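Both of the next two complexes hold chain A, though its partner changes from chain B to chain C.
What follows is the complex of A and B.
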């Protein structure tokens, strides 16, 4: 396929897709990275918190913080890809819940939990596919299409569970290992999380199929004229988002040993916020997996810090909101300055 | 069995006794029966939540025993506007009475007052709209629930140690449970130290993350209390991963929480007596729908208010532990009763 010559804005580790970082320019490369500001902000919080609380810079706390965003981080990857392509997914929390509920119900009906999980993730992918068709064939915006999917998924979860959480105590230990096990002291969830982000970040930077995501998001018409099937790209991004949400649901099911119909309510806002904090543009064409992961990490670190500092629950949301607003504003100001150079 | 059924209902029973002998009831050949087709409604928010089902089960039973009809309604969403819309729909059907769980107190004042003017009594349960013209409010005593949870935990910890709370700020009954829990600790157990508070907002993931963080800052954390069930899923999982030393105590139960109690992952739970909420709720509605049933010695006739006036009824609560958890499973209860639950 010919390389589209669109004037898109791409920020994956500060470089255009496929362009490796030159070793001699690492420092200037870091300075130009969209994620550099976020890394510095997180570093600043780390330094401040290490003075404020002796418990902050401990392996146990690092592990706890990583555990707090590892599974959501998997969902953030899918959301970031979809935002880059110019879409948004409001259904991730509900789809995640539906994945738990379908797999849990099938397991309680006597089906092997691995097979039940595969069927469940496949169902989420299929629902993503159907939603994607309403976007590419009918022309609905992803906002409204996924809003509908959110309602459908929540409704199905309610119907399947009849409002009662499914208790899955009898899940076999090898299945519980996904959410609860550790390898050499490192929780398996964190390993899965790193595998997903490394693969997805690599693909997004190097695979031509994933580069089409940027081209489609930055200028859909130009991408079409360049021979890219933009509908297929959008459809793929929506399916990927639903699939990863389903996958995260299975991890949570394994972790909590339950499938509750109200699981993940409001999760989508956190996920979208993380992607945007990480540099994804809601206009499309811009974003990175690394940035999004830093975004969800920042949200988690701020939440954890509030608890470690024993901040009153009535103040926590306000302080979190102010810190996040400051972080995003600083990042945006610096990004604008870099862009105007 | 470590079960406590707290007081309540005695005052209502007394009222029932007096009702039987009320002279005004002579007009009705069969007191405590309904006219054909007379229908009472129960209205809630987040209608798919299991908590409401045992309430409706006894609401329905009381109605059936008196030849009345009932309907379970509400919005599946956590949205006061949506619940108000369903309430309006019920009013349009001119029901005999409404047992209502108002999501927020004040938005329901006008609709409840309008219902009262239409001659449709409203009884609130589990959450109240105190400034409205509802005829009665039935609930468990959130203060006693919190206090009893505090005593249970403190006794198990030998009266000394660190504890934390997860909260859902803004929901009245949850706030009252947490306040009562903390106050009881301060008043009766001075060596119990509150070391952390976090808002999990009925979210299992937030609860998990919060307890994980709390435990880092407070290595001797011995217990966490939360005023609802969903957070307990996350808190218990965190406690398990941290070695299982943190006692997780919550309010309300569901099948998963019961399993966790049986497995020892959740230390215990306080559970409102939902059945009494429903049964007494219906009885209060029935009496309020028949103004001539009661003839109390007061100024009701001169002032024009409903003579059936019981401002508050305590439906009591149970402490659920490993010893009695089996008795609180909704599916087993439904199977035993052989009914269709909320679908009839």
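What follows is the complex of A and C.
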């Protein structure tokens, strides 16, 4: 045996600093392409609509459009993370509603609304935790586990409210500020939205904890064989998704000053569609917050444009469906091209 | 073998984007011959076979079957023309029975409304009879071991009345005895006048079983020779385009007694796959673990690093008893494991090379805020893959864009990123071309020389014999014995692996010393 540690041609264990690379990150090129495409499409709609309707490019309309997806946008973040890990969450609409109902009920029972909100968000996280355990311990698919959670949450909301909306007009003004207030004319919700997405987009791209989400979604077994505790990653993603849904529920409660037990029915589909249009792959391993937000913005701009153009509301779902279908089809075609060898 | 031409391929070209996979390939197949097709990975063998099977359409060039020009648009048309294809990767349905898998093509071609299960089982049993009589046709496919699944794949191709049978690396997952059964079937098919195209990296098989050998390199036809007119060295030389030199690096000259014990395993058992395993790994040695597929080799080493259940057993690492409950503990100790199924669990195919290399210890490429510094990550990957002579278009390219050998180098770079003390390699060169194989063998030896303890599991006996300093052999989960020095021979390993016990006396001794 030759001396260990001598300078072999493959002294791979040494840590000689290599030449720093100046090239851009090419892998994200594909993802960026998706985001760039969405930005172009949105810009095209903007230009077309500004000619078609004098009301489109007004501050009031911009604000209304932003408000229409700001809160959902927070939920999209959680959904995107969960889709990247290879899961899906059907319960977000129902969990949002449950958050609203729990906090509202506690408030009506005389608890401080801030504390009530914290308890409520905590309960949503806990529900997510329990659901996550059925996925990681028992091995249920997230589709089934969250389908069940959807039923349970909706059911709990109905039981707590006995089917009638809770009127919360007595909420203190500083609490109502979250959903209704503005800072220098900018709605506070929009500020919260931007803070959440900027932080989460950065973290999802760079934080090592979120990188594990990509590894797990890309190839769970390989992740396991790389020392990643994939169950913990999946559990975390599910909890994050429920928590953000709970948080959004509180914002809605503050905005409406009410808690309705049938709020958010079908919302999950909109949110899943947004994440997928934004480039999240249901096979796992791909997706970004920016893409998902552009996805939900696109859906919302399209519906508000249709309203301005006096398109019947009955057409809206159909058109959203077609947008989703084309986005996913284009994605698949590009995928096939890339892996045709 | 006659000189009647069954199939002829003339000047076939095929490109994928900018990559020329086939650039003018000619190939003739005679009736009743076994024709070996050799080439490094990426040489175009699989693409050529996919053209024959109709899975790819050539950009230009013609295909003749028995003198008639044909255009094959899919596997079904290929089947109708009498072409059967056993793929390199197992392409079977895991959720249905063996019989249903074997009869898949027939069921598809049948115009009956209902499936006749009794007939199906009989037919499956018939086609399994020669190659694997022990497999139950009614068993679910996923209850079988990999080698058995490979046999089912072959049996499936045999049910078709084919005149041309393509076997793409069929023995990569088979044990020696299973391979032997396959070879005798190949010979009997040949006697019936069926032509076989046999793709393999194993020269011994090519020269024992085949009549002619065609070599491709970089999508170009290099040579077609009768095996008696050429030699393994010449074929390998044609494949890599240069002399490979010594196939295996020189073994360690130190005696085991002088080496420091790095890892001591005793009384290691799980609940069903292996029991009571004990061995010592020394610093700087390459320790082989051999045995047939299914002997519990992989499970045993996985149990050491927390990837498989461990029921009993003590592990001493550098003199201290360690407890590993999850693989991440093992990585922290510097014990890393390279899995045997590269595509399934070795690499993240869709992710970049840089991200694959950094995964074991993300902290190494993180800043203080636990966020990844992409430039550090890329630098780390560049440094490690350069040392492994990886050929790539950049660290940001997905691993799926690389050839098998280069993918394996990425997997190795990943292991090396944590400065391992012990590296466990499970089938390190499976499905890898000769050139990359030699490089990986040299790398393994150099790691050992640098003081890393290496454990190698391999189903390829020449590799075990050529590479390892000592070899422990297992049979059905039991340790059969450990061979060292000149005792490491294929016969001795097979003897132990078959559960026949340690030989009483060593008969073969090379250095002139007579030990009767």
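Quick note on the criterion: the second predicted complex is superposed on the first by the 280 of 341 C-alpha atoms of A that agree within 3 Å, B and C clash if a C-alpha of one lies under 4 Å from a C-alpha of the other, contacts with A are read in each partner's own complex, and residues count from 1 in each chain.
The rule is simple: a contact is a pair of C-beta atoms (placed from the backbone, for glycine too) under 8 Å apart; a residue touches a chain by one contact, two chains touch by 3 or more.
Since the model is a prediction, treat every value here as computed from it, not as a measurement.
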item: Touched partner set for A:58, first chain B, second chain C, both or neither; value: first
item: Touched partner set for A:81, first chain B, second chain C, both or neither; value: neither
item: Which of chain B and chain C A:290 touches, first, second, both or neither; value: neither
item: Which of chain B and chain C A:209 touches, first, second, both or neither; value: second
item: Touching partner for A:227 - first (chain B), second (chain C), both, neither; value: second
item: First, second, both or neither for A:263, with chain B first and chain C second; value: first
item: Touched partner set for A:237, first chain B, second chain C, both or neither; value: neither
item: Touching residues on chain B, where the partner in the complex is chain A; value: 46-50, 53, 76, 78, 167, 169, 195-199, 202-205, 208-210, 212-217, 230, 233-234, 237, 240-241, 254-256, 258-259, 263, 330-331
item: Chain A to chain B touching residues, read off their complex; value: 53, 55-56, 58, 60-61, 64-65, 67-68, 72, 154-155, 158, 162-167, 169, 180, 252, 255-258, 260-267, 300, 303-304, 306-308, 310, 312-314, 316-317
item: Chain C residues touching chain A - in the complex, by the definition given at the top; value: 16, 19, 21, 252-254, 259, 283-284, 307, 326-328, 330-331, 337, 339, 344-352, 354-355, 359-360, 362-363, 366, 369-372, 374-375, 378-380, 382-384, 386-388, 394-398, 400, 414, 416, 419, 442-443, 446-452
item: Chain A to chain C touching residues, read off their complex; value: 1-2, 4-6, 8-13, 16-21, 23, 25-27, 29, 202-203, 206-209, 211-212, 214-215, 218-219, 221-229, 285-286, 339-341
